[in-house]
Every structure is written in structure tokens, then in C-alpha cells.
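Look at the two complexes coming up: chain A is in both, with chain B in one and chain C in the other.
Let's turn to the complex of A and B:
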């Protein structure tokens, strides 16, 4: 080993150093700003999580899995996964090994930033030693890995379908500069190291290239332009990085600990929201995922473009994109870095200034049919009555507005409860309050909170210990925003599953083929996938849609969108229906009143709620009404 | 030899056209998919505004067209284009060669169960306008109590002027049908309280307005401007109907024993299929597309094909009859000039 230059310096390191210093200071300032933007309690939570061993371990694991290995992309498409992880992991290893080499051979140079990057220029080494051969091989191996990734990236620009992507994002001008400089870095490094391979040493890649180069460029003075070009490519990449999609590289490393600390979006543009917007790599997976994508005109309304417009502060487009979205959450489900497209949009809606802000504070819980003053004494003393559910308490059934508009669901559910001998009470039989979720989706948090408070008062005073819901829209807000101590919140798919398991409901099985459509709010929103399928398997044969569970396609009827018209929604509904037809089902089943009525308008076969099917197919259990204390009247 | 003219549909349009064509000396052939002639009108009881029995009209039309060839329970299986005519294969195995086709395929009544919020098929006390006419005819329907409903309601525009239900068009006849049926119910049960929930009342026809004024003045029928939002059932099994009275700007809630849904006129899916066999265009409202919606409403864009009645859009009975006559005359001119 020998150092080629006593100074350990050459002018060509300058472009790299300028870029490096710029990007490091930019990231440091941004980091401080985002952390300062967090609300005080969130900031405290974040710092605590950084010293909690469990979250430290999780952070490290997530950073390795997501940022370097791109595990989520591997699961989606092997080629796409390889492309991203080869570039990220290969580059990471080149940097790490470069530093190890410096520490091994020239520890006194470790304080120089550029030294590991341009090590081959400054230090000559022979491969006769074991150590030399080993490092040479590793460096060439990882360089080859990165180069293969770059080659795939170039192919992807032309043929994204090979990578499982029907459509991909249109890069902006600066994105293209970033892209081309990134593509240039590694071939230039190969050429630069190829020039020096006969002096500084190299392995299978660089050495071979050196022979080729020497045959027609035998003069060593030609090596300097190559090293200059390599340094310039790095410099350009670092300088444009903050203004391109490549900002996701540093931003994701901040987003992961923020997410693991349990921080939620509190402000439309600051703190976590900002971290998410910058962590968006513009990969465009959300374009294919978006249910609006059936119409080409809506491609620019997807999350990746929302993030781009937020970065540009284009208020008109931000408003348009946020209002149009159905909030089905599929972009969030497929996003490899964890940008929450739906929550980000709700946050944008929440900073809108409305001319009129409704005030519901004058609605008194006493006015409502089921209220502290109106409930029968029997109901209040329910816990001691000999009810039949295993946890012993009374069930309060909140049908909600959407179920009120599809009365067949409420009727079927009540019939099931009666057949199973469950002691229940309908909370909104004769009018009730909205759960608040539509207001929440519209970003009107104050109004939503007023409803949440009033409903909480009614429910807490009802004496029930189970709250049953047939609408996933209600279910989600009850799960997320209500604080109902001691009361179990349960969706009817889960409840029916429980009734069947405990033997309180017996269901006849036949050969009818059912397909289950996962409603957005139930599946992606609350993670309920298994119970409805369990229930349907008891009633007949369950077939699956092409895209199901987490990837289920929104029916198009969602309350989430504030601006989509019926003509636009129609093609989405038809697309979602076509997706359900894969298994040639006899009946389309869902567990959401809104999905049911949306599909019913366009479907060529029956669309039913899971409750309707079970009500029709169940046989009254032996232990049913006979043992029921009638009405608990004593 | 008499010229064959194939008429698809044996409703009032088909019958009237057949009668006229017979008089002009042609040989009309009626293909009817159901087991009776007269179509929807044959299922109706009395017709506004003179309360004349529907049966009379239908039997008069059938008598006038009795010379025509009529195939009941028959549909068109497939169509072959010959040089200057069509070879039409019927489902009963008969094939007809004709130069001229008349579509008198009519409409379908909107499926009221698609408007889930009104509870048709869910609650026992909810019926459609067609069910009520059936009861007027037969007196058999368990949804109507023998002593009559103490209170009942009519919901206008069910599946009409409703983008959500995929039917943006006005069905034209339901406003006046609801007024007619409300009066008939009031005549049968003078004690009943009757409400009509409407968006607009479109009383465009002869004597319609008088009819409507009479319903208010002489029969005391209550008209509430506002759509019904939801229908539920109370403990006694009565219907609780919630709506908004947009004139007073207040929500209303009434308890009823019977609710009648005014199902609208929607395009006949089978017509669209047959039209597809002949590659005829469908208009943006889902009905058949005429050559011109003002001057040539009875002519298809293709030579030799004619339309009459509601296959091109919602129409009243007199409009349909007039159109059938007009189509017959068009056919006559076509044959004279084409020969």
C-alpha cells in the first residue's frame, strides 16, 4: 500500500465537496425545522422514542428493510425490488467499504470527507495481499450491482410494464437532471477507476476495463478528466437533490423514526406532513392503485402529484386534488415509504376557510330518542339481566345514516339478533346523530368533535357494554376517535362471526358462490378482512376477486370525495364490479351500506349485505329465544 | 301481394299502427313478447284525465287490428340482412322477410327496489304505482288493509330525474298518475289522509291543472314539496316517512299505513338488444335514437326502420297513439316513394 500523493488532495474533489457540504447543511436545517414544527407533546414523544431500545431496534430494522432492501417493493414485483435495492444497497455498501478501506490503510486521512469516495485515485494497493484482493473484489462486485440496477432503471423508463407498473410518473425538469446525474455517477466511477486500475489496483471489472482502455488510451494523463467527470456528476446530483424526488432518501430516514414514535399528522404542511411529502420517491405506484385511474384524466390527481404540488405550494391544484379524492386509502396501502395519501388530503381540507361553519352545540343529547332521560330503567340495569352474549351485557346497535337509507340491512341485522336471542337496543331507531366521520373526512374537525362528544354521552349512559355497527364508515370513527371506556366497539361482520362461533347462530350451507367486496373503511381502514370471509364460508362457497383485501378497489360511491360527479364515479363502479367477477360469483356481498347501494345500481347480479345473507340462511338455534328473559321487564 | 310490415311490440303503439296500416292496405305482423296485447296500458285501470277505463281503449285497439298477424310469447332471435330487406327469425321458428320494421317496444317500469331508502320489498306497506293499479283492477293486495289506510303517501319521481338511479329524464306521466291515484284512493276511502311528496308538479297536458286543483280543493290531498329522505318502520309496523318540506324549510315526519312509489319510465333493456342486432344507435338518455328529435322522431337513422311510442322516450297515451298514426303514415309514404 502506498499513498500516491503526499497532499492527499486534488482539485477535482471540489465539485463533490461543494455538493456534499450543501446537501448536508440543507438536510440538517430541514431536520431541525421539521422537528421544531412538531407540536410540543409530539416532539417529546419523538425524543423519548429515540432512546427507547424497542423503537431503536425497530427504527434500524425499518431503515434497513425499507430504505436499503426495499422489502415492500420486492413483495410487489421482483424486478422492481431488485432495481431499487441494488442501487440503494449497492451504493450504501460502496460507501461503507470505502470508509473501511480508509480506516484500514490510511486512518490519518479519515477526517477528509472525500477520501473514501476517491480512494482509488489517492491510494495504490496491490492485489497480491489477501486484504487487497478481498476489498478490490467487494468494491467491483457492489459497483456491478449498482450498474445492473441503473441498467434496469433505464429499461424501466421505456418499458414500465416489465416492472409490474402500468403507468409511472412524469418526471419534472429537475427530476430529470437528478435522474441523469444519478445514472451518470456509476458508469463514470467505473471509467475513472478503470483508468487507475493498473496503478492503484482493481478487480474483475476495473482491471478488465483498464486493459481495454490502455489499448487505445495508454496515456495516464487521461485519467484526470474521468475523475473530474465522476466528481462533477456527484456534485450536480447533491446540489439538485433537495429540489428533486431524490430528497426521499434523507426524508425517509426521518419519516421512519417519526412514524415509529406514533406521531400523527397534525398540520397540513408542517411536521410529519412535510416529512411525508418529501419522503415521496415519486415512484408512481399510487397511480395504478388509484380507483380514479380508470379515467386517464385523473392520473394527475393521485398522491404522487399531490406531494409534488404541495412542494411547489400550488394552492389551486392542492385544493382540487384533495377534494377530488375518494379517501379509499389504497395509495396509503401500497406506498413503499408510508406516505398517507388519504390523511394528507384530509389535513389539506382542514385548513380550508369555509364561509359557513355549522355549530351543533345546541343539539342536546336529552332531545334524542335514546338519551339518558329516555332510556328505560331495565336497560340501565342491563348488566345484571341474564343476557345471552358471553360477556353478559346489553348490545347497543347504532345503525347510522347510511344504514337508515338501506333499511334492508337494519331489518336483517335486527332479525339476526332476535334469532340469536341477543338482548339489544337500537340507538337511532327514531332519529339519531351522525357519527361524525363525514365531517372528519371533509376536514371539519370541530363539527366532527361536537358529534363525537354528544354520541359518547348517549352511549356511556346507555348501560350497554357492546356497541354494534353495520356501517364501516361509523365503525372506523368509533374505533379511532371515540373514547368509550369499557364498551366494546364491534362491526356486524365480526359480531355475526362471533355468534356463529359460539353456536348461537346456525347457518345452512349451500353451493351459492359469494364474492366479498372489502369496503375501504372496513378493510384498509380498520384491518377487518378475515371475519366476513369466515362468515360467508359458513353460508356457501367463497370466491375471491382479482384484487382483494388490502388491494380492494373502491366502489366509487365513497363519501370521501367532495367534487366527483356521478358520471365520473360510474366508470369507477363499473371497474370495481368487473374486478369482482373473476370467480363468477352468484351474489356480490359487501358489508357497507354505501357500497351495497352503489354496486346495486350497476351490477348485473344481486348485491347484498352480509347480514341479509346470514338472516336468510340461518336456522334459529335451539338455545335461542326460549331461554331469553323476555325484555328484562322485571 | 301485400307488403309485410313487422311491428315489434303489441302495446298500444303497435296496435294502433297495425290498425292504421291495415286500413292503408298493408299486412302488419305484430310480435309480442308477453302473453297479452295492450302492454302496460292493459294493466292499468283508468286513464286520466277523464277516468276512462283502460280496458275500453285496449279492446278498441285490438278490435281494429284483429286482421293483423299476431304472435304472442314471441321474440326476435336473430336478423339477417338481405339485399334490400331483412330476414327476421322469430323465437317460435317462423321467419319473416320484410323491408319495413316498426319498433313499438315501449318502456320498462323502474325497479323501485333500487331506491333502497324507500324500502320497496323490505317493508310490507310499500308498493308501486303499478301495484296500486293492479289492486284497482283485481282488488287483491295484502298490503292494503280492508278498511283502507288511515294515512298514505305518494312519492313522485322514483327513478326519474335521478342521476343516482341513472335516469336523469322526466317520466312525464307520474305527476298526473299520482294525482289520479290519490283521487281514486280518496274516493274509495274518504277518511284517509293522503300526502304527495313531489319535486315539481309538471301538469302540462289537457285538463291536468284542473285535475290537480281539484285534488287539493275537492279531495283535500296534501302536496308537500320535497323529496322523501328515508322510510323506516315503527313498533306498530307503521311506516315512518321523513322528508323535507322545502316550502316551509322544515323537516317533516309522518306516520303512514301505505306508501306508493311512482316508478318512472326507463328504457327497455331488451329493446336495446334488438336495436343492437340491427345496429341502431342508442341516444344519450338510453332510449332509441331518432333520425331527428324534432322533425323525424318516428324514423330511425337507417332506411326502412320506424319508431312509435315510448321506445324513443317517455310519452303519454295520447302522444303515443298520435305517434303510431304518424309512423303508419311515414311507412305508407316510404312504400309509395320507394317503389
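Let's turn to the complex of A and C:
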């Protein structure tokens, strides 16, 4: 290749250069600001993770898989995945090969920023390109790939259902400018390169276009307007980028290392929260996922709109959106970039100030059951339980507030424990403290922490080595926020599964068809999917719902929502119920007292907790529970 | 002269002297208060009742009578567990109501 111009410059590079310098400096400043906003220990953690080989490898892999190949979107819908990865990966390859071309043919120009972008304008073809057989072919190939992606993007605007999306986001004004300039970039590049293909060389796309253009626009002076237009489209895109959803491109590259460093949201608007808000690509996958979406009025309360309002600092709407959410976490589960919609909302709630602040210092552990001065005689008279702690000591059963309102679950669980011969004690028989999760969901962390401390004291003093919970809401906070050394925290689905496996419980199997509803806090919250299914398949035939496991639909009864009234939840419950009907089950089974009572209100067939089923189905006669108790304290 | 007993101070509430500005603001934010039939389901299910006498029913009543201090004291042990919301036969969102009271009224009563 030889150069056409001695200076290696033309005025049309200016719009591109202005845009590029603007966006690079904007990103650099934002990057420094977000890192400075992190709390000190988080910042240290982040920097350490950047030099740890394991996280470096993970960062690189995630950036390639998520930002370029969009693996998560491929898994969701092939067409959606192809659309995104063709644009992202194709564009990335155009940039990379563009730079290689420059280094290969005109290495002395490599320091010029714009040269790889407008390479074909500045050079003339010689023998060295092998008639464009290699580099030019690749460039044209990737350009075609991007163009096919752009074509799909245009179709998606009209027919989003083809891409597996029922609803998409309403773009804002600036989003549209960004969108149109992005769409314009690649066709304009094709035309610009088509005009110069007879001088600079080209391949199957550009060369052919050149023949077409030459047939009616033979004058070479026509090429400049095309290059100007291409440069302007790039310039406009880069200048509006920080104010549009396309900010997700640079922000996601920061979010991935932050996430891999294990950093959590500490501030509602700063640090990680900010990175997440900017990393939101407004794709709208959360709109279809949101259980509130069954009512059209709630569509604007989904995570994508929360992110938009946070970027606009629209406080009134932020409060409304964050208070309404059920915190089921489904938007987090489906989000392709890892925006944590539920945690982001809790963080927004936490900055609210209240004039009355709850304080539990007046409650002493003595006022509650299972405290040193208050241990029931049964527990005291069982000294061997202390001696055989290692061999499976006492089980402390914390029913929790919600189970207290569905006493059948507690009764069934107690009956199961008795049948299995487990030495257990009830922690809140005559009322106890709340676990703190509802307070945590309301964003009042100080109050929640006080409850956590009080409960920890009671549990640590109880001498138990297993804490059994029948409520996933409690289970989650016990797992996440309690520090109970030496005490195993276990949900009753897991515990029943263990009892059955170890032979302490024998269950009769029949042909009843069960469908299991994954409660939000148990499934998405704690990742417990298998155990309840294992247990149910011991009792009967297990059928699956249309959307299950990670994508299970919230029952609508969640405590997560602060402002959603009772009347507004009905359609959500009915929608969730309809989802469970796919396998024509006889009984709807769940493992959460709240889901149970919510479903029970509207279901046309029995709704039961897993403990009720097992209690009814288990065989007691087989052998004395004592002899079947391998790890027990008998 | 000591009779061994005293006349206890009057516990009558003169509704003409009660300043209901805050209550009216609360009513604006939480019109559902009017739905309350004072059935006491919330009181019966409340886990904080035994510690601070918390009761949404009484809290509403106290606010209507201008006894804000009592309400603030009751609320001080509320754990926001949501049981009252679940049992309310009128479907009042009591959790949001409690948070609104916490926002509007002052704590000085304690």
C-alpha cells in the first residue's frame, strides 16, 4: 500500500476526533469518580482483584462472553443473541483489523488516532494486498456481519416478538438520536469505502458497490461527502453516548471487574450502584420478567425505568418505583449485564430518613423463650444432647412471623420432626422477634441489625447446632446476615430431603401430581432448587410449571413491596397461578408460608406447604424412629 | 390533708384542642386509614405488642385523638414484619401506613 496524501490528514476526520476525545475524557473522568466513590476497603479489594491472576482471567472471559459475544442473550433467544453479538463483535473486529492493517501497511501512521478508521481514504492499493484477499476480505466480512445485525435491530423495533420479547423499552429522545446515529454509521462506512474501493482496494462488498456507484457517479470528488457523513455519524454517536443507553458499553466493562472483585452496593447512588445504573443497556428484558407487568400501569416501574430515573435524578419517581417493587429478584436473574434491580431498590429505600426510629434495646433476651433463664424443662432434662453435639445435636426450630400465621406448617413440621425422632425445640413458640428481613427490605438497616443481634444472642445461647427454618424470608437473612458460628442454618425443604435420604423418614409414593412453586427468596434468593423437587418426587409425580426455578413468577404476596396495595396484587397472583397449571397438577406445593397463603386465596385447587405433604405421606410404622436415627441423639 | 388517695388527673381528650394538622397530612398520604374498622386483628397478630403495646388499631385511634407520644412509643418496637398487613380484613397496607407515620411524626415523645 502507498499513501495518497503526504499529510495523512483531511478535514473530515474532525467530527470523529472531537467525538472520540470527548467520550474518552468523559469515560476516564467517570471511571476515576466511580472508583473514588467506593468505600476504602472496597477500593482496596478492587485493586487487589485487578492483579490477582484468577480474577484477571475471569474478567477477560466475562468481558468477551458478555460484552462481545452476549452469551446470556444467545441462551435466551438465538436471534436476539445474534443481533447483539454481530454488532458488538463485528465492530470490535473492524477496529482490531483496522489497526492491524495500519501497523502492517503504514506503520509510521500508527500514532494517528483516526488513521485506522479512515484507512481506505488515505491509501492507494498496490500489489502488496493480494487484491484484498485477506485483510480487505475480513474487513468486508465483518462489515457485512455488523450490517446484518443493524438490519435485525431495525426489524426488532417493529416486531420485537420475533426476538422473544413481548415488550421493549420506550427509548428517550437522546436514546433515539444515539440509535439512529449508530444505525447510520455502518451503511455510511460501506458507501464511503465503496466510493474509494477502486483506488484503495476492497473486497466482495466494497468492490461490488464501487462498480455500481461508478456506473452513475464516476467522479471521484463525490467520495468526500460520503467520508464526511461517515465521520459525522461517528462524531454524533460519541457525543451523545454518555447521555444515552449506549453508555452501557463502557460502563459494563467497569461493572464486570467490580462484580468479580466481590463488591456490594454500599451507597444508593455512588460507586457500584452508579456503575450498575450506567451499565443498564435499556434492553427491556426486565419488563417481560417483572411480575407486576401483568398490569399495564406498572410497566414504567421496572428496573430499566428505575435506572433511567436515577440517571435523571427524578427523586419522586425513584421513590415510587423503588417502593412499589416486590423484590422478587427476577429482573436481576434475567439481566444480561448483571444490574441488581432488587438491591438497587433497597439501597434507594435506605437513604430515606424517618422521624421515628425503632429501637429494640428495651427488649431483653429474658423476655423471649429459649434464653438462658428460660429454657424449657424438656431441654434441660436431656443432658446427653449436649454430650453428643458432634453426632447431631439439638435442632432449634424458628418458625418466624409468617409461619405463625399459617400454623398448619408449624404443626406439620413438628409432627415430621417427632416422627423422625429428632430432638428439637421451638424458638418462638409464644412469639419471638422478627428475623429482620422485612425491615432490611424496607431499607432500615440499623433497625434490622438490632434484631439480628438479639436473635443471634438467643440462638447462640440455646445450645443447638442446627437452626431449622420453614420460611424462606427468614432463611435468606439468616444465611446472609447472621454470624452463627458452628450452627448450621437449614431450610425445611433441605432438612426433609436429608431426613428422607438418611432413612429417618419413609415416604409413601402415589400418583398425585404435584407442581412446585419456587418461592423468590428460596430459589433466586438462596439458590435452593433441587431439594424440594427431590422431596416431592419421593411423594408423588412432579410436574413443572411453564416458568420455573430461576424464572419462577412471584406469587404477588411479597413483603418486598411497601406501597403495593392488596387490590393491586390479585392479577399478579392469578398470573402466577396460571403459570403453575402447565402440567395439570392436583396440588400446588410451595415452601413459603407467604406464598401458601397468597395462593390459597385465589387457587382453584389445594395449595400446600411441602411439610404438610410429607407429614401426610410419611410412614411411621416401618421401624421405631429410634433405630432409624443414624445421626440423632437418641 | 392526706386522705390516702388523690383525684387522678382527667384523661378526657378535648377534641377541640387537638391539633390535627399532622393527622390530616397523614390522611392525605394514607386515605386507607378510613377503611379501618378497629377489629383488632393487627393487635392480635403483632409480635411487638408484648414489648411496647404496639397495635395499629390503637395507633390510628391515638393519632385521631392527638396522642402522638403514645403512638410514637408504640411504634418504637414495630419490626415491620407485615403480619398485620396479612391479617387485615380491610386490606389496609399497614406496613406503608407505619412507615408514613414514622416519616411524619416526631420521636421526641420517647
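By our rule, the second predicted complex is superposed on the first by the 598 of 634 C-alpha atoms of A that agree within 3 Å, B and C clash if a C-alpha of one lies under 4 Å from a C-alpha of the other, contacts with A are read in each partner's own complex, and residues count from 1 in each chain.
As a working rule, a contact is a pair of C-beta atoms (placed from the backbone, for glycine too) under 8 Å apart; a residue touches a chain by one contact, two chains touch by 3 or more.
As the structure is a prediction and not an experimental result, all values here were calculated from the model.
In the superposed model, more residues of chain A are touched by C than by the other of chain B and chain C. Contact with both chain B and chain C is seen for A:566 once the two complexes are overlaid on the shared chain. In the superposition on chain A, A:407 makes contact with chain B only, not with chain C.
By the touch criterion defined above, A:433 reaches chain C but does not reach chain B. Looking at the shared chain after the overlay, A:176 reaches neither chain B nor chain C. Contacts of A:597 after superposition: both chain B and chain C are touched. When both complexes are overlaid on chain A, the residue A:28 reaches neither chain B nor chain C. Contacts of A:96 after superposition on the shared chain: neither chain B nor chain C is touched.
Common to the chain B and chain C interfaces on chain A are residues 404-405, 566, 597.
The part of chain C that touches chain A in the complex is made up of residues 32, 45, 47, 50-52, 72, 75-83, 85-88, 91-93, 95-96, 99, 101-107, 110. Those residues of chain A that touch chain B in the shared complex are 404-408, 410-411, 429-430, 566, 570, 593, 596-597, 600-602. Every residue of chain A that touches chain C in the complex is listed here, in rising order: 323, 352-360, 362-363, 367, 401-402, 404-405, 431-434, 436, 438-439, 442, 444, 447, 451, 557, 559, 562-567, 594, 597.
Considering their complex, residues 114, 116-117, 119, 121-123, 163-166, 229-234, 240 of chain B touch chain A.
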